[in-house]
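Each chain gets a letter, A, B, C and D, in the order it is written, and its residues are counted from 1.
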Amino acid sequence: MTLASFAFYSMAGLALISALLVVTLRNTVHSALFLGLSLAAVAGLYAALGADFLFAGQILVYVGGIAVLIMFVVMLLGRASDLHLRQVNNQWLAGLLVCAVSLTGLWRIIKVFSNVLAKAAPVPTTRPLGIFMMRDYALPFEIISLVLTAALLGAVFFSCAERDNPGAPQ
Amino acid sequence: MYLLSLITFTPLIAAMIVLCLPKEKEKVIQIVSLAAGAVSFAFSLLLLPAFDKHTPAMQFIERFPWIPSLDVNYIMGIDGLSLPLVILTTFMTLLALIGSLGIKERIKEYFFWFLVLETGMLGVFEALDLVLFYFFWELTLVPMYFLIGIWGGPKKEFAAIKFFLYTLSGSVFMLLAILALYFNSTPNTFDMMALMNAHSLWSPRFQILVFLGFYLAFAIKVPAFPFHTWLPLAHVEAPTAVSVILAAVLLKMGVYGLLRISYGMLPAGFEWFLPMLIVIAVVNIVYGALCAMAQTDMKKMVAYSSVNHMGYCLLGVAGVSATGFSGAVLQMVNHGIITGSLFLLVGVIYDRAHTRDISAFGGLAARVPVYAALMSLACFASLGLPGLAGFISEFLCFLGAFPRWKVYTAIGVLGILTTAAFFLRMIEKVFLGPMNNKWTGMSDMNARELASVVPLTVVTVALGFWPRWALDFMNATMIHMAGLFNK
Amino acid sequence: MSAQISLAHYLTLGALLFLIGMFGALTRRNIIGILMSIELMFNAANINLAAFNHFLHPQGVAGQAVALFIIAVAAAEVVVGLALVLAIHRNTETVYVEEFSILKG
Amino acid sequence: MLEHVYLIPLIPLAASLLIIFLGSEGGHSRMPLLSILAMAWCLAQALGIFWQAACGHVHLPYQASWDWFSFPVDAGGKAFSYSMPIGVLIDGAAAVMLVVVTLVSSLVQIYSLSYMHGDPRFKRYYAFLSFFTASMLGLVVSNNLLVTFACWELVGVSSYLLIGFWFEKPGPVYASKKAFITTKLGDCGLYLALLFIFTKVGSFQITQIQDFVSRGYLAPMAATLIALGLLAGAVGKSAQWPLFIWLPDAMEGPTPVSALIHAATMVAAGIYLVAKCYFIYVASPLAMETVAWVGLITALLAATMAMVAYDIKRVLAFSTVSQLGFMMCALGVGGYTAGLFHLTTHAFFKALLFLGAGSVIHAVHSNDMRHMGGLSKKMPITFVTMFIGTYAIAGLWPSAGFYSKELILEKVYGHSPLMFAILLFAALLTAFYMFRLIFLTFLGSPRDTVKHHHADESPAVMTGPLLLLAFLSIVSGYLLERNHLFAHLVDYTFPEGMKPEGAHVNALFLNYGVSALVLGSIGLSWKLYGGQDFKLAESLKQKLSWLFNALEDRYGFDEIFLGLVSFSDKSARLAFWFDTAVVDQIFVDGWGLLTKIIAEISNLFDAMFIDRTVDGFGDLSVDVGSGLRSLISRGQVQEYLMYIAIAVSLFATLILSR
């Protein structure tokens, strides 16, 4: 087993196992922690694929930002009683079935690519990516910044909305 | 200068602005909408001096790739066929927006939909790519559905759904026809200008099938007999300004499509259908006029008169001559202006009396002279009185059809008589005779109503005396189009 | 199992991660759990994009660019989603989805 | 002067617009003066042109054209842009007509100053009058049949407005509508004729059409059709049989308007149109014959109907119809000059008679001659002038009517003795009923003493025009006939080989004979209606009651008209019923039904031929349908999500497993 394949299997295993734990653990705080781990493992995979900027972005945005944010909210809303409640609803069997069906479907596609191997060793792509984003994708890039601003405003709006509405139950 | 895009998308941008405004700011919403209508109209007027009257070619062409893998492009352009209709659209929408200032409820949504509708209508007349054309065609449908369904009369939901389903079922066939054209052109293309030159490769059988697909969509929009029954219902239920747009612009999309696509791309199919088309045109004229004569509801009467007038357009088209074509296009413009003002005027009386029943009135001419004068003028214009807009266009339609269809045209002339009969009867019942004491308190037209009607009246008279203003722009194109068939 | 890591490996990983996320989204009662599951699904898609980029088109960076966009969109989605969760929680005192039925028509 | 002839229709038009938009409405408005001023200008210019033409200072016909608009036309498989001209064409007939129209309108407008004074819509009345005249003048001067038709229609609409001027009363409203629709019926024929002309000739310009026809390019069949179409229009406008029914009703309008309609502006249009397009008729003997017979029948029928009418204006209306028949007949037998001559002289004495009748009505406030009698002492000027008018219309020497009517009779005699006999009979009837009118109105003893007591001579504004017209009724015939002035001005040169054959007539003998018969007829009228009581007339009426009834019913032509109206109403209702009950059902609801039937059939098909799984699918969809509301609208996000997931996974599997 080469170093590369070892890196892949370990990262992949880590990502899958922590993802499974995210969706199955009863304690939401733990789920959130494992989400961070899973995201970090995916970041590692990005690195293995030569997407170094993606790696950095993943760590910064997902692990450093989103996972922490979720953690905050979980802690803000969490109650002691939650730990004793069922965290899975009654359609889990159906969900499993659907996932299984989808897997069979997806497997058919995946098989097609089983012989595709990397043509070259991974090289850093931050520079071409930067050029690409700033030149060819300049407009979507700007739009996405607009989306983020809108999301920020929306979040502020939703968090503050209650104060204008004294009639609602607090 | 992307003038066409500016004209088309100014209303859409304004619609987005309206969407963002809080709904309590009714004044601001109205001002933004009116401004958008005015700007769009002003831009469309800019087309006039820049338009080259002497060439039948497409002008102001804009072309960008849209979905390159399917060779779908954003192509806009106008010629003498679409220019009058574009200006008609911006003009009528502006006036309808002024007429809409009386709307009291859900103002924000109303103006939003209205502006989206304007973009759709303009796009239909300007698009030169079938996918784009289809896109805009369908874009007009949704706003219309809401405008009738929310702000309409008592049976608005039924009318809206009938309108929607009916026109949608037509569009489905059009979509099929568009795809058929796409897959049978080499290279596969949706470019209308390219397709217009491709018909020689298609067998007559194929052309006939595709023609029927398009025809269904267009005939429903026109509306041609027997697909016209959605129109009276939709008109009766729709609010005034929507009726205006429906009659003035939306119906024109049908004849426009017939000329641009059915005739321009599928001459063999068109030729095959011609004997049916002339019958339909004459039936539209005579039958529409007769149905109008049986009405007691003023709006329904005007709606059926639209069926009659669109029959003249079809007659001109069926003449397959440059005269007939220019008559049809001019008639579209004139019908838009005249019927637009008729609907606005019916709306005026409905706002005061809350009834449109012809026999509920009487002797109003003494009470509301300005209204009576404007209404009579519009009626006379509609029945084709010389000196007013309708005459020349009607005459050109007949003149264009006469050499090919003498007997049918002769029958069609009877429609003029019937039109005169029912319009005179309406004038008589509403304005003349002894005063009905119920309406002694009726007030004459106010400034807003005059602002929306008087421009139409002025244009009616102006085009009646000086049709050159409209005809000069289309002569070259019509001559070119007629040449296609004789080749 | 072949010695070299092929595209199929990455795709399998992506598929599994996606399905785990989907399963979570379908079954977690806690709304924050659902949000987390959705994040997993986003990640699965990103892995696929990065992998396609690396294996099929190593010269280009379009796949990574799109992945980057997805990260940005995901961030926006989470921010708004969590704000909504907070707002809903303030009104209903619960984080369990079956207890909100404001979507009921 | 001639080069500015285009001003003649434009000035009244401008005046009418100014009157509409300026000044305030009211019974004492000063705006009418503007209208009269405009008319006076036109009259002066028309007289100037006439004078120049009569003295030979200008060469007629005069033509000038301007581009109006252009539209594409197709000819010989190629399309090109055709430039439609708008312009003037002044020939002798037009020059005469200009004088007639402007003169009569000026007098009518002056007369109306008093007649309509105090009417709340005084100003509007003058605007309409001006517009009416402007349209008629446009019709006269136009060199283009399309413009002629346009003015023709405008004449129609302004007559509609004027006949229905007192729109509060149902009578005028009905009459105006009837006039408009009836003339419009004739216009349909005219419309078709225009289409035909342009298709054949490729032009609307009269001179070009004339050129085309005189070169013999127009096939006789086409010429006949065109001529008949034109005739249909003229029959409507000039109230010829069978479309004359609107004219007797049209007197519901103000009396000066009736004078205008009957003398100059409306009914003259039809005759003038036939004269203007005479070259087409000449090319088609059949059309000529039709014109003659239509005129003949009209002249006779209308004259008989006038015999029994008691409404003073109605008698005059019938007499107009009858006289128009004379003109039409003259044109039909090739008497171009005779027809137009009679049109001119008739305009003077018919305007005189109507204005005189208006004066009487103004004084008595009644139209019914049975309420009059003995008015000659009360209103001497009116009596004298009206007597002159009657004398003229009867065609006695030396009045204007004598010259024109004799000319017609001469022409008709030359064409066919049978027609001459009928027309002569109509002429005798004319003398009879016109004098009956005079006797009943002015002579004898007053039958309604109250009305008689209040009656008084009209003011000078009204009697002035009467006197002038009376003067013209006497001398115009002689003046125009002198040195063959009229014949020189207004003549139609028949192309070689097309000149209608006419037997030589001893004009002098004819004149004396006819005059003697006319005198006899007047004597008969005196016998019946001239005395204090009408015993003889009454007993005659009892004996011939069937005839009287038929005449009073106007031979049932009104019933035909009403039948047509109710027929069109019925067919309208039928069409609408068909629309809602059949078309709508089939093409809208039927559409839905069709879909449903197809769905049922496919369901059946499923059940019978497709295996159980699909059957189960059908059941499932039924279940989904029925339980949709309870299932889906529970508001559970994750259930919605589940539906999506199921659907996506199923579709993905299905698509990928191909």
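By our rule, contacts are C-beta pairs under 8 Å (C-beta built on N, C-alpha and C of every residue); 3 or more make two chains touch, one makes a residue touch a chain.
Computed from a prediction, not measured in an experiment: that's the story for all the values here.
K.L.:
If I rank B-D and A-C by number of C-beta contact pairs, which comes first?
P.N.:
When the contacts at B-D and A-C are counted, A-C has more.
K.L.:
Please list the single chain whose C-alpha centre lies closest to the global protein C-alpha centre.
P.N.:
B
K.L.:
For chain B and chain C, what's the span in angstrom between their mean Cα positions?
P.N.:
Computed from C-alpha means, the inter-chain centre distance equals 49 Å.
K.L.:
Between chain B and chain D, tell me the centre distance in angstrom, where each centre is the average of that chain's C-alpha atoms.
P.N.:
34
K.L.:
Centre to centre, by mean C-alpha position, how many angstrom separate chain A and chain C?
P.N.:
5
K.L.:
Using mean C-alpha positions as chain centres, tell me how far chain C is from chain D in Å, no decimals.
P.N.:
83
K.L.:
Give me the residues of chain A that touch two or more other chains.
P.N.:
89, 91, 94-95, 98, 102, 106, 109
K.L.:
Tell me, which residues of chain C touch at least two other chains?
P.N.:
Chain C, residues with two or more chain partners: 22, 26-27, 97-98.
K.L.:
Of all possible chain pairs, which ones touch?
P.N.:
Every touching chain pair, ordered by label, is A-C, A-D, B-D, C-D.
K.L.:
Where on chain A does chain C make contact in their complex?
P.N.:
1-2, 4-5, 8, 12, 15-16, 19-20, 22-23, 28, 31-32, 35, 38-39, 42, 45-46, 49-51, 53-54, 57-58, 61-62, 65-66, 69-70, 73-74, 76-77, 82, 85-89, 91-92, 94-96, 98-99, 102-103, 106-107, 109-111, 113-120, 122, 125, 128-129, 132-133, 137, 140, 144, 147-148, 150-152, 154-159, 161-162, 168-170
K.L.:
Under the definition above, what is the set of chain D residues touching chain B in their complex?
P.N.:
Those residues of chain D that touch chain B are 68-74, 77-81, 146, 149-151, 153-154, 157, 160, 164, 167-170, 173, 177, 180-181, 184-185, 188, 191-192, 194-196, 198-199, 568-569, 571-576, 579-580, 583-584, 586-588, 591.
K.L.:
Along chain C, where are the residues that touch chain D in the complex?
P.N.:
Per the touch definition, chain C meets chain D at residues 22, 25-27, 34, 97-98, 100-105.
K.L.:
Inside the complex, what are the residues of chain B that reach chain D?
P.N.:
So the residues of chain B touching chain D come out as 162, 166, 169, 225-230, 287, 290-295, 321-323, 325-327, 363, 365-366, 380, 385-387, 391-392, 395-396, 398-399, 402-403, 409-410, 413-414, 416-418, 420-422, 424-425, 428, 431-435, 466-468, 471-472, 475, 478-479, 482-483, 486.
K.L.:
Can you name the residues of chain C that touch chain A in the complex?
P.N.:
3-13, 15-17, 19-24, 26-30, 32-33, 35-37, 39-40, 43, 46-47, 50-51, 53-56, 58, 61-62, 64-65, 67-69, 71-80, 82-87, 89-91, 95, 97-98
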